[in-house]
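Alright, structures below, take your time with them.
Next come two complexes, and both contain chain A; in the first it sits with chain B, in the second with chain C.
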Partner chain A sequence: MTAETPAPSRADSAAPTASQARSAWSRRIFDVVSRYGFVIVFFAFAVFFALRADAFLNPSNLVNILEGNAVLLIAALAMTLVVASGGIDLSIGIAIDFGGWFAIIAMRDYDLTWASALLVGVLAGAAVGVLNAGLIVRLKISPFLATLGTFFIGSSIQQIYTSGGGQVPFREMSESFRSLSTGAVLGVPTEIVIAAVVGVVYFVLLERSVHGKRIHAIGLQRSVASVSGIRVSGYLVFVFVFASATVALSGIILTAGLRQFTPLSGFSYLLDAIAAVFIGASMHPQRRPNVAGTLLGVLFLGVVSNGLNLMGLDFNLRDALEGIILVGALALAFANRNNRARAVSI
Partner chain B sequence: MSEPAVQTLPPTRPRLRQLAATPALRLLLARFPLLVFALLFVYMALGSEFFLEWRNISSILRQSAPDAILAAGLAVVVTAGGDDIVSGGIDISLPAAATLGVGILSDQLVNGRPFVLAMLLAAAAVIAVGLLNAALVVKVGLTPLLATLASWVAVVGTTKWVIDNRRITVDDPLINSVRDGTVLNVPVPAVFALAVLIVLSFWIHRTRFGHRLQASGGNRSAAEISGLNPDYFLARSFVMASLAAVVASVVLTARGSGLSPGIEERLLLDMVLATFVGAAFSFRRVVTVPGAMLGALLVKALGSGFQLLNVDIFKVGMVKGVLILIVVASAALEAGQRR
Partner chain C sequence: MNATGEQHDADCALRMEGVTKTFPGVRALDGASLSVGRGEVHGLVGENGAGKSTIIKILAGVYHADAGSVSVDGEPLERIDPASVHRLGVRFIHQEISLVPHFSVAESVFLGQEQTGRLGTAKRAMRERAETFLAETLGVELDGRALVRDLSVAERKLVQIARALIDGRAKLVVFDEPTAVLAAAEVKTLFTAIDTLRRAGKSMLYVSHYLNEIHQICDRVTVFRNGADVGVVDLRQPQQPQVRVPEIIRLMVGRDIGDLYPQRRRSERTRDALEVAGLDDGHRLRGVSLTVGAGEVVGLTGIIGSGRAELVDSLYGLRKIRAGKITVDGEPARTNSPARAVRSGLALVPRDRRNDGLVLDMTVADNVNLATLEEVSTLGWLNRAAAGRRGEELMERLDVRPRGSHAVSRLLSGGNQQKVVLGRWLASQASVYVLDDPTVGVDVGARSEIYRLIADLAQAGAGVLMCSNDPAELLGMCDRILVMVRGRIIADIAAADTDHEHLTALATGGAEAA
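On to the complex of A and B.
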């Protein structure tokens, strides 16, 4: 690790440069390790699972991991956008639920085609976003509390209209709708294709467009962004509506796969989506939420869950280990950083 | 909670604020959350004579005690870390820690362990969660939201594993006396909650340590410049909150006569709701321990009232959601108006 120490007999002028070079090197190694500490942990886990569970590296298992986490990835991407704008969205579960629920109702009770049902689902999700945006932009409620309120209201609406959470089945859904989950495009499962398209859209929006720069600016310093002439309210409305419409898509995929809608099922994606966003942010130089990092965060969660599953551990023990690994991995990802993680602060 | 509202408001749309500026409306706005609660209670008292009977009130006190104790713990962390929910202080792992305590306590009691030993084991586990949170935030440097989110996942998983994800029914004389007993007609869980209220309020509002803790949460950099170490106070607040969670786990074990898996999710939402609704009851619109506990009590009372009026139980969630929005929106409007 350490470079050779300069000999004491050397001229004094040489010593500082040598030690400077050394410290620059060690700092660089340190930077790389601390920035990519999470990637190293990720690969360590992948290698461990590959050694302990033969099926892990099977191509079909790897496709399984991707397919099983496409829904989470879409939700986490939407969360990335919201967190980048300085907010948080606790109601993504509601938008997921509403997307699938309204799509099924549109097809079952109103005989709409699958494409219109898709549109209805996305619009239903967007409506959740409109409510959030109104509360946050108009009434100046903080995103955490506004979306918490939306969560209570949305959960209640689902319970009222499904008699307390009864499933809404639709066995006769058209094959085209069903193929949103079960089909394949050029041999790649549709879910992965949809998640990839969403990923590209979010990448271009958030990291390759002036709008993304402005959204990041709002997230970093809202008052400065406002003074610089950025239309903060307009962007916030867009962020919350677009994010909710996006996650509605994952709800639609879920219902297409199960041929039924299970009320309140979206909540389970919330914590994982937040975790993935922050894992991703830990790898960014300025610790900002970013699309590539979120993708890596989702893959990490997926790989750990899949690997522990393949090792044949008890279901309850697996849940415990997953949680403990998440704590450890986050601790490692953020450890040894001089700046506090508050840089991702919102 | 405290957004820089004035600067970001476009000058073309100040209608809402102008409306809020007339003196009468201003007073109305300032007292709006209390008014909403008062009107709802009058409505309930008129709708059902049973609502104001001591039997019902003591049942509400009994039921709301665990939520109130957890909300008090959360209020301490919010006070020490600042009320910006995402970057400031928050401990969402409290209900999970309390549930872990319930699990260990129930499991040990059912296996014939003496109460004191079972209680010590449960307390050790719950406090360990508090220490873990403190370490993750202060040593590792995670934001409190992220750190306690991660420990929530870990603790919920651990609880499932420890108790095998099953319902445990406890029939212990001490636990039963907490559940059914009264002191001077006041239910024992409410006495526990009152004790927590007195201890935590005194600690935060009447000691030098508490004032410094408030200072470091109120303005981190100002506290640092004055020679305080905000991290120290934040760490202490996580441990203090976990002590509240220990008390909550006893009361929760009594309320449920043991453990029902999955109670932590409902507790989480109610705890957050109570704590931040409680801010509306303080003069400066900040989260306080008494406010949080009052919030828990009022939210529970509303639920009970709706039940007495035969309102569909599924609609209670809707009422809670609307309530939190009314309270928080009026606080935000008023804060923007005061500047």
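On to the complex of A and C.
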């Protein structure tokens, strides 16, 4: 109905007292700090490194940082998708491994072209996702436990077929395949180009398409999504398969760079990817996983390790810093959110 | 004491004065005052978003007021926190049900006030007391070991009420829309319980959008509008509801709203939009058959355990069925999942809006568009401008406040959230609308708007199955009314041939179908 009293303008008519104004200010500062606190820290680190290590701002070093973290970025983007759907994927390491491993086998033992090998690798990764999706959708196991199971199974398979984790080298790799890692497109390293393309695809998917909206709805409140007629199971299958296929790509890039496959090497990306996703989510107004946030999270991790490296500091410090930053960002973000959530959901 | 409510502090169980509360962008309370006399049942009414729940949460210590004073039993309170008001004997039945899904009924009732025996908590004693209390005071037979997540919303509400009252130390009990999810018979039991409390000298504050209830049980009622009190009406003087209720409504919305129910042109029934034959889930439903004609509004009512909730769930694929056939628009519908149900032309407005209705952390526009995203997109690319526009449009039509489709749904008042859920389906083109308590917690003005929208849907040829506990609404809106008792439809009557008492009697098994 249209009552003659306009409701929203009431807030403006309030004459704020001095103490109210002050508390409004401190609140706003708190809001800004909690939302952008991480960005501020990020730049503080960058400036610090720039001052302490001359090489840091060198263009080639910056390209180095990007190139060195392309693989992590791809993995973190996939993780963003999974976390947005309300799950987690502990088996991305397996999909990374399988991608590289199967691509090498396809070329070495079956003489396939580099393009077919690429496809085989991606399919091998997707198969990991199919297993996850089956466990989650069919058997209704929680994503955490389902992907943990997949992780153990996948690790074991690798150990069995590589006699306990022996490397699978392939020195005679074709140049085309190798250029997935070492080549350049219009002067930009291929890895960066691939990561950028994946980034754009994920951005469109997650932030601009109707499917992204639905995936977010499933992650935030599944029963509502279901009652609204969204095919929840279908979307979950898609999410896990697509994420695994994506990370397989990063495994392929890794093997292309090293000309060999090292079993169980994908695992090292898991925790960084999760950290990057949640650092990114802490910057979102509703603390949602998002593509831009994940990108910043990955860059941050990259900058910190690069900077420490250049300054000749103990590289192991990086993990401690990462932990502190992650906990700090989340604490700030959720302190703020808890205030609000508690206020309404009692 | 006079009619305007001037009282001395000492006579007041509760006195709140000049309370102001501002949330970012919204002034929820703007100098509101409220006083509840000792031993009085005091009503509090106002439109959605008027600030009723906010003032209650300030009293509960959930929010802190920016300004204003609060005194309980003549004693001014400085800083309010939940523990201290609890100690003063103030108990709350908040609008939102907050129970732990995995706790049992007994655990939930005694949460935070566990009884202890020699060996830790006295589980058995607590269970028995919870069961007895629920049965004797609130008239519902519940197993103390049943899990909250398996209860219906109405049963959860009763558990929530039991939790507030079980220790018997309450002095002032605050009810925020307690009957929204209850059926007529359960409301009656609740009112008996309230009467018992009143006779024991307890004071009560009672928020509701059902003005008849207010008229029936309250001694006085305070009316809120836009965050401030605009009047107190004394209901103890003998006056007909026909005079009192419109007076309250005028205070609430600042004008007359005319007829609550729209005049509907009843057309000849041509075909069935929904046909259900022999629906059986092997548990609560025992061969339910019904039809809803295109252009028809059919009511469905039934108390807890009647199978009404299960019927709705089965229609919508939220519950497995053993036998039976569902036909939508002449086509057999495969409704083994909600997604399938939607594709075969059904739309559901669920009764539990906080869990099934709204993605609380999404914006209003996102929630409105959730079921029909294809319509605001091209090839999967979301047209955000179009989505926002449609959000605004529906908010305008339903008068959701505050406006602005980018508001996060969690921050809307209860009634406004309900409007958003409804808005989602109004945007779709379903052939059958299953509305499960569509006006729960919605104020009179918006309610008349919702009724008009429902009438429009029927006019446009959709079938509407309107499930409700409010006899007045069923009588005012429906062509036919179905009454469910113990898993069967025991009556299918034209609304013109029945009345309030008859419906209640049918639903409680106290009368034979005509």
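What we mean here is this: the second predicted complex is superposed on the first by the 284 of 346 C-alpha atoms of A that agree within 3 Å, B and C clash if a C-alpha of one lies under 4 Å from a C-alpha of the other, contacts with A are read in each partner's own complex, and residues count from 1 in each chain.
The criterion applied here is as follows: a residue touches a chain if its C-beta (ideal position, glycine included) is under 8 Å from a C-beta of that chain, and two chains touch if they have at least 3 such contacts.
Because the structure is predicted, anything quoted here is derived from the model rather than measured.
J.: Which of the two partners, first being chain B and second being chain C, lies in contact with A:R208: first, second, both, or neither?
T.: second
J.: Tell me which touches more residues of chain A here: chain C or chain B.
T.: It is B that touches the greater number of chain A residues.
J.: Mind working out whether A:A95 is in touch with chain B, chain C, both or neither, as first, second, both or neither?
T.: neither
J.: Is A:Q286 contacted by the first partner chain B, the second partner chain C, both or neither?
T.: In the superposition, A:Q286 contacts chain C only.
J.: Looking at the overlay, does A:L330 come into contact with chain B only (first), chain C only (second), both, or neither?
T.: After superposition on chain A, A:L330 lies in contact with chain B alone.
J.: Examine A:H216 and indicate which partner it touches, taking first as chain B and second as chain C; both and neither are also allowed.
T.: second
J.: With both complexes superposed on chain A, which partner does A:I230 reach: first (chain B), second (chain C), both or neither?
T.: A:I230 sits against chain C, while chain B stays out of touch.
J.: First (chain B), second (chain C), both or neither: which does A:V303 touch?
T.: Touch status of A:V303: no partner.
J.: Hey, what residues of chain A end up touching chain B and chain C alike?
T.: Common interface on chain A, chain B vs chain C: 223, 226-227, 232, 341-342, 344-346.
J.: Within the complex, which stretch of chain B touches chain A?
T.: 1, 3-5, 7-8, 10, 16, 84-87, 132, 136, 140-143, 146-147, 149-158, 160-161, 164-165, 265, 269, 272-273, 276, 312, 314-322, 324-325, 328-329, 332-333, 336
J.: Quick one: in the complex, what on chain A touches chain C?
T.: Contact set of chain A toward chain C: 1-5, 7-8, 10-11, 13-14, 20, 204, 208-214, 216-217, 220-221, 223-232, 234, 286, 288, 341-346.
J.: Give every residue of chain C touching chain A within the complex, in rising order.
T.: 20, 22, 25-27, 30, 47, 49, 57, 60, 62-63, 66, 94, 96, 98, 225-227, 253-255, 257, 316, 318, 337-339, 341-343, 348, 350, 355-362, 366, 369-371, 373-374, 377, 380-382, 384, 399, 401-404, 408, 410-411, 424, 445-446, 448-449
J.: Which bits of chain A are touching chain B when the two form their complex?
T.: On the chain A side, the touching residues are 88, 135, 138-142, 144-146, 148-157, 159-160, 164, 222-223, 226-227, 232-233, 267, 271, 274-275, 278, 314-324, 326-327, 330-331, 334-335, 337, 339-342, 344-346.
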